[in-house]
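In what comes next, chain A is part of two complexes: it sits with chain B in the first one and with chain C in the second one.
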Partner chain A sequence: MSQLYYYARRTVVSILLIFAIATFLFFAFRFMPGDYATLLLQQGASPEQVAKVRQMWGLDQPLYVQYFKWLSNMAQGNAGMSRQFNEPVLEVVLPALRNSLIVALPGVLVAFVLGSLYGALMGSRPNSLLEKYGIIPPNIVGTTPDFFIGILLLTVFSAWLGWFPSGSIASVDTLTSTSGWGIYLTSDFWYHYTLPFLTVVIKYMYYPTLVMRGSVVEVRNQEFATYQRLLGLGKWRRFRHIMKHASLPVVTVLPAVTATSISGLVLIEIVFNWPGIGQLLLTSVFARDTPVIQFMFLLIAAWIVIGNFIVDIAYTIIDPRITIEGE
Partner chain B sequence: MQINDSSGSTDSGLLGALRPGRLRDHYLFRNLRSSLRLYLSDRLTVVFLAGFVLVLLAAVFGPMIAPYPPDKVFITSSGEILKLAHPSGEHLLGTTARGQDVFSRLLIGARPTLFTGLLGGFLVVLIGVTIGVSAGYYGGRVDDVLMRLTDFVFGIPLIPTAIVLAAYFGVGTWSTILVIGCLLWRNNARVFRSQVLQIREREHVRAAQMLGASDRYVITRHILPNLGGMIVLFFALGTGLTIIISASLSFLGFADLSLPSWGLMLRNAYNSGYMASAWWWSLTSGFAISLTVLCIFMLGRGYERVHETNVSEF
Partner chain C sequence: MAPLLEIDDLDITYRTSSGDLRAVTDASISIDANEYYGLVGESGCGKSTLAGAVTNSLDQNGDITGGTVTYRGEEIQDYSEEEYNDEIRWKEIAVIPQSAMNSLNPLSRISEQAIEVAEAHTDWSEEKAVDKLEELFGVVGLPASRVHDYPHQFSGGMKQRAIIAFSLLLDPSMIIADEPTTALDVIMQDQFLKHLDELREIRDFSLLFITHDIAVVFEMCDSMAVMHGGQVAERGDTTALFDDPHHPYTLLLQRAFPDIRYPNRKLEGIDGTPPALENEVDYCTFADRCPWAEPECRERAPPTEVVPGDAEHASACVRSDEVATLAARDLEDVDDDHGEPAGADAGADRGGDESILSLRGLNKHFSQSTNVLDTIRASVFGGEQDAVRAVDGVDLELKENQIQGVIGESGCGKSTLLQTLMGKYEPTEGEIVFDGTPVSSFDKADWKEYRRRVQIILQDPFNTLNPHFSVRETLLEPLRIHDMERSEERVLDVLEQVRLTPAEEYIDRNESQLSGGEKQRVSIARALILEPDVILADEPVSMLDVSTQASVLDMLNELTDEYGVSMLYISHDLSTVSYVCDRVNVMYLGRLVESAPTMDLLTDPKHPYTRSLLQAIPVPDPHHEREWAELPGTPGDASDLGTGCRFRDRCPDRMDVCERMPRQADVGDDHRAACHLHYEHGSGDDPAPTAATDGGER
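Let's look at the complex of A and B:
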């Protein structure tokens, strides 16, 4: 009962939080100095033209009218029109989001698997050189700005060795001959995909490695581990048991890390000239394309809130001993 | 730790320590000395400390010890600009596409980079401790409001927000630090809160409260000292993260372009199109950032380890 109450409360709080963030974003962007119309003005449009544009976008109406219009539009799945592309925001943002997710999600997943394995390996060899000094490489990676990892990979694998292209999502031929999802089926895409993907994997290995190492150190000293060693279980079998027990903290942080990865991807996309939401954000910011920026922020924020929600729920399922707040 | 200083008189705090004879025996200094000894007993920590001191020296004395003025354009004997010269005895790390000495620019870049980081780290910890300790110590409605605020700030994507704010409000060093500080505290506020929740149940805190100590006294004398290790750790993490994030922003061009930080250097190298051929230019500044942050992170971790040992000894 209380468990159910907790889930219900957490759901309501999350929805309210997303709503609050959406409202905050709406007003924050209205109070930002300089919108698309003023940019037109700077580009030499006459005041009458600007007034017309403002009227067309409904920017001349009182703020609360704009707010409720925007709310009702959002509720109907209409996020407005992009100013710079003159297309619905959804049609601008979704392809970019797709391009970002196809790098971020598999990248973070692979990073978590590899990172946990390495961390577990480090943690399960007490007093070895690996345990003492093995932690340095992940730390170096963890303290390197993600875009610099990208630059490093580009320098080595693209410029020096010439194995991979220097950026973009596919070559021009592929881009013109395919549309929509078709591009992901070409080998050219995957050829371009390798380096950005590797960058994400390397960048996000740091966290699971550290968490897993600490967790394994804790678990290997528990009684069941000693017991299994006394039983004479094979090394590999014992390692698997320990992995299973130690992986809980890593699994629970996965949603949160995935959530934040999407905003961390901005720099990597810029370095690799990858047409994801990071690039879209930058061009939209320069064009003062407020509806697009606002919607992207809402997406990212909702993503993060949902990620945190999943973590909270996962905690109570995996470890029911965790005391539920407010009790 | 407070128990050691059992003189009980009103001037037993830092003010009392200022009396010359008692300075050496004050518990803070005794702690500091033994901590330092413990701290430096780990060989790796010494390495990282040396690295950090090196960066610190470059930040303080960089402009004085740099072999050339950072903006000086070198000209070859035939009258051309010495573009992208390889590292040599004359130019330890070669020259940039504009014919400037990379090594000098690297030395000069330490100051703005480190300064931004330390200030950002300070801000992050200041806000994080204030919010975390208030939420944990007072509980109830204060806790609720502050933690929902933290949840809210968690929903704000850091780099995109910084980009938008910089684009709309213009860029400046101070505003960048402010934005980073006002968003990054969310990481530590929760940890500080949960720590305080445990500490405030301890007997010495309860005893002090029962004896009628004010909230301020309990917080400054009983809560904050017990958070010491964590404060230092999060200061280090905050400093490192601020350096990384402000470098990212510089790389995107959202930074004061007159301030020669390492992030900006990386941007110039990347945008020049000679990134791959002039590795001494593009890679050195990147590695400078990376290694500096590494040293700071590891020093923080090392301090936390010492602090924990210290506490468990009592």
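Let's look at the complex of A and C:
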């Protein structure tokens, strides 16, 4: 059947999947011991106060009632209230998410482009020094904890050389004079942006480098590559053909790596005092701020589902042998 | 007239970490314009390396260390890659690679790839390149409208034709084809050769055809050279080398090659393997395998000398004049010693009366869909519309002490049949009866016993042995699994049986210390050590060099005679099948279309498909004029077969009645065929066909 049918089906399946994840998250968080109210109790609140808080948040109602209320709220774009900030979850999460994505997405993308190129370069020069020893730096970087890379960059470029600031998203002056999206337009922001961005790039170059190197070695030995050599096609053209073939496994891991980079961001953001979702996640976990945590988990899961959908479409663009057909 | 390409005293050396390897020594051949030239030899003889020197595509560690390659009077052996690309590549010398199936870039349109080639070597516009490709598609019989397709939209046969079209793209004067048919089954090979042969009529070019298959060279080429151990053993006119070989290797290679016209002729393997060529090669590399070698052969490299009376014919053997007489005397000796012809004895089927393994209406269908919803739909509403009917209604009786062959093109279901017999798949329908007991009634212990009594030999000896095991461990393991007595004696015994002698020398070897033929012998020994009743052999010699093929086939024959094993031998190669089998079954798209004693099948094939298969086999005789097999297209899709005879779309004898499935009918003594040509219609079980639905598809 048609491609349209396929996309329609895939969309429905994706929505159902995200719904299932959301439901699972809802119940998982309910069954977890220790909610915000018990934390209050630990902090010395009286049982009456706790009961009042529970009542205010509807935590005293049966689970299924809570579930349907939560569902109908979500459907209306209301993700609930943050316990710790007493603000709507969306208003807490979205600015943090924005701050994080502006580091993570370009960082991971640049890492993938550079890493792929470097890996392909290694793979296409068999028996060279580059192939033998070129793998050592990405291996070292890849196995180094990301916060340590951040600290190292801070030590060198901020503490010793003084080229870049040591943290935060912008200086206090900029923060007070701008708001919302405006901050990203100031040069002061980009000045602060450099080191965290570099940390992400360095950290996440490792994976595409390894995958691409192996993939290129494999593709290089395929018969069409030998034939192209016999045909006398230029080196650069052959390299491009091989890159295109070899990029498929790299594309596959891209959404997964962007998702895991979020967890990596927790530590990087703390090192650079960056107000992103990493920091938010951490404080929310300490504060048992379940609506915020739950919502962020949902966002990450949704990205994996949607990202894989995008990758499947990207496949069909790269490789004409892969066609989209409904059964 | 000066030859187009002249290779003179060429030496090629590979530098490896363990020392220099002399891949080619003092090789000289010359190819005229418009000549088809064959280069034959076993794997590792240096034939592809020689071609690499001509196409400037030697591996990085390979160097031309002496001699010249002259093309149109110009020495090209020292050309840099740039020079070669600018002046020779594709404009003068083009290549047909070994695997035409996978050589086109799957991610680009075919026309785009042609444009790239033109861009690399000419100043043609894109339109001109595409126009040229369209023209060449016409030449090789492909629709010009399909130049913009992606390679995966082509069938295997079409891809091959596209590759031929590519080689002609810039009108080269020479095409080098490096084992172009090795990976193909016999029908595909026949189609490929036919195209190459027909091309001579319309285009002017020389062909250097590199292959291990001497029959193909005898059929296709005007001149040829035989290589062994990096040396050109003999070269000259194809008929001269056939009629009057002056090098023992040429002669022995011919004798080792099966000829479908004489299935009872004894094949002779060539002992030993080509030597490892380290350092200077100043001896005859064939001396260690030659039955007529003299001390002199090991002292110096034999000079290549012209055969008196034929300036083109030359041989590098110190006894070249004597080869004919030596060979004749040798043949007499053989006759005196043995008297009886080896190979499957035509008249007498070895098989006993009792069936050891019988298949009754065996079906194995694979469901194509992996979708849960479709599976549910199919199970609710019945039917398995898109199931692949890999094995469909196969009846077969394997008698005790009999070798039966199952042949067919790749994809005909023969491997699925074998795997179903192994118990890898459960039959969809039908029954396998082993030694009187239906397999479906087996319990766990029965299965274990079945797996001891039914052994398998796989196709690829290079990957079927555990590289960490010695021969001893490989052979003891099955005994341990089946709780049989593990004795050194038994291992030595079985090694003797597979002619790995002296057995003591082989028992401690590792996988890496065995040649291809020896590995296959070890895997046969692994099957034999459990004293099986039945051996299932899946193309057991197709990956071996022809010199070892013959001796392994002989051994399989003798094992059946000596130990009373039965064997089901599966292959696409009718000439080896007919050499060992008492009875041959022909399989087409899941069904047996013909079944007969070997000799009957060869002399009197009934089914049009069997006839085509027989016709497609190259005959190792340049005097023999073979007709190309009339078998257009490829087997259909096994999931969309309709109800008629599965062969009807390719059949030269197609009739209206073929829209109905033919039944198996007796067409001779113990000879059955499923074809409407061969039985009377109108009887009750076979009503006349409904309205003709002819044409359309072809």
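The criterion applied here is as follows: the second predicted complex is superposed on the first by the 278 of 327 C-alpha atoms of A that agree within 3 Å, B and C clash if a C-alpha of one lies under 4 Å from a C-alpha of the other, contacts with A are read in each partner's own complex, and residues count from 1 in each chain.
The rule is short, and it goes like this: a residue touches a chain if its C-beta (ideal position, glycine included) is under 8 Å from a C-beta of that chain, and two chains touch if they have at least 3 such contacts.
Keep in mind that what you see is a predicted model, and the values were worked out from it rather than measured.
Of the two partner chains placed by superposition, only chain C is touched by A:H241; chain B is not.
Of the two partner chains placed by the overlay, neither chain B nor chain C lies in contact with A:L117. After overlaying the two complexes on the shared chain, residue contacts for A:L109 are found with neither chain B nor chain C. Contacts of A:V251 after superposition on the shared chain: neither chain B nor chain C is touched.
By the touch criterion defined above, A:V217 reaches neither chain B nor chain C. Contacts of A:S158 after superposition on the shared chain: chain B is touched, whereas chain C is not. In the superposed model, more residues of chain A are touched by B than by the other of chain B and chain C. In the overlay built on the shared chain, the residue A:L233 is in contact with chain C alone; chain B does not reach it.
Once the two complexes are overlaid on the shared chain, A:V285 sits against chain B while remaining clear of chain C. Once chain A of one complex is fitted onto chain A of the other, the partner contacts of A:V311 are absent, as it touches neither chain B nor chain C. Residue ranges on chain B touching chain A, taken from their complex, read 148, 151-152, 154-161, 163-164, 167-169, 240, 244, 247-248, 251-252, 263, 266, 270, 275-277, 279, 282-283, 286, 289-291, 293-294, 297-298. Note for the complex: chain C touches chain A at residues 55, 57, 60, 84-85, 89-90, 95, 97-99, 101-108, 116-117, 120-121, 150, 152, 166, 369, 371, 373-374. Within the complex, the chain A residues that touch chain B are 13, 17-18, 20-21, 24, 32-34, 139-140, 142-148, 151-152, 154-155, 158-160, 260, 262-264, 266-267, 270-271, 281-282, 285-286, 293, 296-297, 300-302, 304-305, 308.
Remark: chain A residues 127, 222-224, 226-234, 237, 241, 244-245, 318-321, 327 touch chain C in the complex.
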